[in-house]
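In the two complexes that follow, chain A is the common piece, with chain B as its partner first and chain C second.
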Partner chain A sequence: MQVAVCVKMVPVPGQWSQIAFRDDGSLQREGIELIINPVDRNALEEALKIRQAQGGTVTVFSMGPPSCLEHLRETLAMGADRAFLLSDRNFAGADTLATSKVLAAGIRKEMPDYDLILCGSASIDSGTTQVGPQLAVHLGTAHLTEAFSISAGEQNYLQVKTSASHGHYVTNLKTPAVISVTQQLNKPRIPTLFDIMTSCNKEIIILSLTELNLPKSESGLEGSPTKVQELFFPPAKRQARILEGSIEDRVEELFKQPGVAGVLR
Partner chain B sequence: MIGDIEEKENLWIFVELYKSEPKQVSLELIAKGRILADKFGLCVCALLIGDDVKNISPVLINAGADTVFLLEHPLLRQYRSDFYAPVILDLIRKGKPGAVFFGATPTGRDLAPAVAALAGTGCTAGCIDLELTENGALLQTVPAFGGRMMAVIVTPEQRPQIATVRPGVFQQAGFSERDGRVVDILPELPQAKFDLVEFVEESLQPSLLPSARVVVAGGAGVDSREGWELLRELTGALQGALGGSRPALDNGWIQESQMIGHSGSTIRPDLYIAVGISGDVLHMVGVQDAKVIVAVNSNSRAPIFSRSDYGIVGDYREVIPVMIDAVKKKQRS
Partner chain C sequence: MDFQPTVQQDLLRKVVRQFAEDEIAPLVNDLEITDDTPPDLVRKMGEQGFMGVTIPAEYGGTGMGHLARMIVIEEVGRVSAGMAMALQVMQMGAGMVIDWGSDAQKAKYSPLLAQGKILVAPAITESSGGSDLEGLSTRAVDEGAFYSLTGRKVFITNSHISELAVIIAKNEGGAKRDFSAFLIENGTEGFRRGRVERKIGFHGCITGELIMENCRIPKENLFGDKGRGLAIALKGINDYGRMGMVGIALGLMQASLEASVKFARERILYGKPISNLAPIQFKIAEIYADLEASRFMAYNAGWLIDQNKKSDTQVSSAKFFSTEAALQCTRKAMDIYGAYGCMKDYPLERYCRDAQLLVPADGTNDVMRIIAGRNLAMKK
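Now for the complex of A and B:
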């Protein structure tokens, strides 16, 4: 099976508190380290398992700035055959629609014979969960989200279990398809030193807008129907009153407060 | 045009069903739609899709809808993206709504982005607030970077403006016997893209959190069975519900449905008591609408204290038993 995996690089959560505003109101996030979006490793792991069982190839696609390049190395070390970084100044400011269009254009160009595209269910920084379904729409294929089990059978038939609010769905489908996966699906492998060394001669290819057969008006900020009108830090609206005295006194004082006393009755 | 509904930038709400009943979040969205629509003389239309679901229409009208678009077909009995998305697209092309709202549930998050991509419009995920301006622009507030920041997202040019909204952020309304009407629409189904074999029901304990007036929650600081027994006792005395933070879930003290925060439940109780929780924004975003927040934490510098109304600095093992006694004493008197 020819499997494509979409991998996003996201800022390390531990450093999110360093994200600040510039004077012009834009976000200052330089210097913040990137990591592979955690659940995207599960998507990659599943692709590698399918290749192990059935043969085929695993190709990683990522849209992001050039600084993503070194992290794409890690996907090759995990076992991906090749990786494409879709990178262009014009891609900046993309919402999920523009992101999914660029990814679709990359896959159409480099892997028109794909069978399966795996995405993570959500990215931790924006967490929209939208890129998978939208990618499927652009490519005209089926999509499933929240997959926690994928069994690949004969002749490109898949049985997929996806979780929902009160249970789960069991779906059979024939590829092609786009499936967004959860962290329950598997346990991603950790590359060994040997893997890292042997991955050095695998390729990472950078594709820019001109190579993608996509109008500029459909990528980046220009191709994004949604715009950020305002960014702000949520205001503090709590009294932040620390109660004093013995524990008994403090608890008694607490239970006298109007919002608390009313509830006790 | 659908039926004789005037083409205004109306507000549409996708109604999610479970066992022939609308989900709470759909009713919350209809109520919010009502408030927004009344400001500008718009209609609220509910999209009721399923098999033999007509009898649900009055519930939607009483929740605040003016019109119910009813699309019934045996193949629409279960939600599936390959049928629902094109059917809704078709409806959007005919009815030209100003905005369409979906609950940010697994179904809504699967469906809304696909509908938006088909319609070539924007979709804002996981909103925690919606406002409408005079010129019909929808201001969609979403947490970014796990709630550390808030962003207001707009879709300036394309219509409809599509949003998924988290359960629990708006309040359901109960109108009695409102007038409204039901427009029957014959859905045209496209070819199936997959074979939905079955839906396997998992009988999870329904979570008591969303409706509880008092919620007691434990975090990583409550790290023993005895500790959680204390919290359970306090919760019982207060007739509340028990919840927790992410580490509480990871450590197996609570179930998934009890986790509060960015990736868990959003709740709005009258009283929230956070015990051994540091107050990370990714947690606090789930309780920002609580009326009163009380924090019990042994570290006086824990961020939770600046994000609470009342703080007790101390070891929960000493504080909680005193609270339990005090509650019981109050109840006896």
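Now for the complex of A and C:
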């Protein structure tokens, strides 16, 4: 199976307080240490497991500045066969639509015969959950989101379990397809020192706007319809109430509180 | 001069840090209580390739070298000095077999050692000490068909979890400096483990005695050439043992720095974080300066070893400088924490106890000064 994995480099959570915003509301990431978006590692881990079980290749795609190269090397150390960095000054300031168009262009150019594309369900910096589904739309393929289990089905089908608000769905998904995954899916491996040595012999290819044959108007800030109107911290609303009486009374009272029943189901 | 780490070194640090935080950190509190080395953790470190970092690929390692080894120990030491100590001696044993073992010994043991499937404990120190090598009293008698060893080794790291030992012994009837090294497998007649020695720190790293009583060692288990025992011991201690202590010192200082900055930003005094106070900033700056100075000395020494250049002055200097810096830095970090630093709930008191163990191990710091001082002042 030919599997593509989309990964995003995001600021280290410990340095979020140092992140500044540009006038257009986008994040100013320069100087901030980056890591691979945690759930994207789960996507890569699943791709590696699929390759181990069924054969094929695992190819990583990422859009970002050249500083992402070292993190792509980490994906190669985890076991990916090759990696593409989609990097161009014109990609800066991209919203999810422009990002997904660039990723789709990269996959179309370098991996048109893909069977499966795996993405993390959301990034920890912006958390829109939009890129996976948008990518599927651009490529004209089926997609599922919030997957926490993927197993081989019959012929060109995968059996995918996805989260729902009060349970889960089981879907027989025909490939090619795009799946956004959650962190429940697996535990990503830690590369060994042997993997690090091997990764140094693998190739990371950088592709620019020109090489992707993508109009400038569809990438970066220019291709991003999302405009940030205002940035603000949501007002913190916390309140404490101590319930009294017998344990039965307190539990009964607790469940009368709005929203509690859904949380403690 | 290029101070930029290579892509491989950056990745190595990241990967080892992740392993240490995921696999070792959850065990640290238990290690403090049990003081045992978890076999499962040893197996995992072996699978990660930690023991084979200086072992060539043809013998099952990665051959990344001594500078890379420094990074590995530093990152493990940042989380657990005890596990870093156990690991660095596992690497030392594996490295000594590559450096001095016969082709047959290397073929038999190195692939297993490189992946942590078996461990070898270098055993040099005796109750008379470890720096006065000529004062060692373990004796080797050439009995014709075999060697017979008698003696007692103490303060041996990984003594009770290793399958092999490299024993340094004086050749009976030989000259003052006539020592040889021998490989002994567990189960060899006359070879046994003695008591486990309890330390104030490095918990999770077993230290104990190895005892030889007319221990019969096959001739093919002579390790290196006959009469080369002191050279084998000194190279092992210099390239691996002392460098290992430096790596642990770096880890403890890095941990102290991170803990200090975090606490100073969170601890509110007079309505403001104590990170606003100049005396706290001074201490943090001093910890940073000590760490960076030690790090440059350490990496330079590691690089020299990788280049097969003479390194004893640099290694000895790095050893006494960094380990004393670690003592001071862990103490300063404890001071920043105030009373919290004295609580078992925080790791600061552990850092201090662990740092103290760095000073006497693999040659006391006074001996380090003698080596560096003699080289600088007397040798031409």
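To be clear about the criterion, the second predicted complex is superposed on the first by the 217 of 265 C-alpha atoms of A that agree within 3 Å, B and C clash if a C-alpha of one lies under 4 Å from a C-alpha of the other, contacts with A are read in each partner's own complex, and residues count from 1 in each chain.
By our rule, a contact is a pair of C-beta atoms (placed from the backbone, for glycine too) under 8 Å apart; a residue touches a chain by one contact, two chains touch by 3 or more.
Remember, it's a predicted structure, so these values are computed and weren't measured experimentally.
Look at A:Leu173: by the touch rule set out above, it reaches chain B but stays clear of chain C. Residue contacts after overlaying the shared chain place A:Asn201 against neither chain B nor chain C. Touched residues of chain A, counted separately for chain B and chain C, are more numerous for B.
Using the contact criterion defined above for the overlaid structures, shared-chain residue A:Arg73 touches chain C, although it does not reach chain B. In the superposed model, A:Leu97 makes contact with chain B only, not with chain C.
By the touch criterion defined above, A:Thr192 lies against chain C but remains apart from chain B after alignment on the C-alpha atoms of chain A.
Looking at the shared chain after the overlay, A:Leu243 reaches chain B, while chain C stays out of its contact range.
Shared-chain residue A:Gln155: touches no atom of chain B or chain C.
Common to the chain B-facing and chain C-facing surfaces of chain A is no residue whatsoever.
Those residues of chain A that touch chain C in the shared complex are 70, 73-74, 77, 190-194, 196-197, 199-200. Of all residues in chain A, those touching chain B in their complex are 11, 13, 16-17, 19, 95-97, 100, 124-131, 133-134, 136-138, 141-146, 159, 162-173, 177, 224-234, 236, 238-243, 247-248, 250-252, 254-255, 257, 259-260, 262-264. Across the complex, chain A is touched by residues 7-8, 10-12, 14-15, 18-19, 22-23, 47-50, 52-53, 57, 62, 64, 72 of chain C.
On the side of chain B, the complex with chain A involves touching residues 18, 23, 78-79, 81-82, 85, 105-107, 109-114, 116-118, 120-126, 139, 144-158, 193-202, 204, 213-214, 238, 262-263, 270-271, 281, 285, 288, 291-294, 300, 305-314, 318-319, 322-323, 326-327, 330-331.
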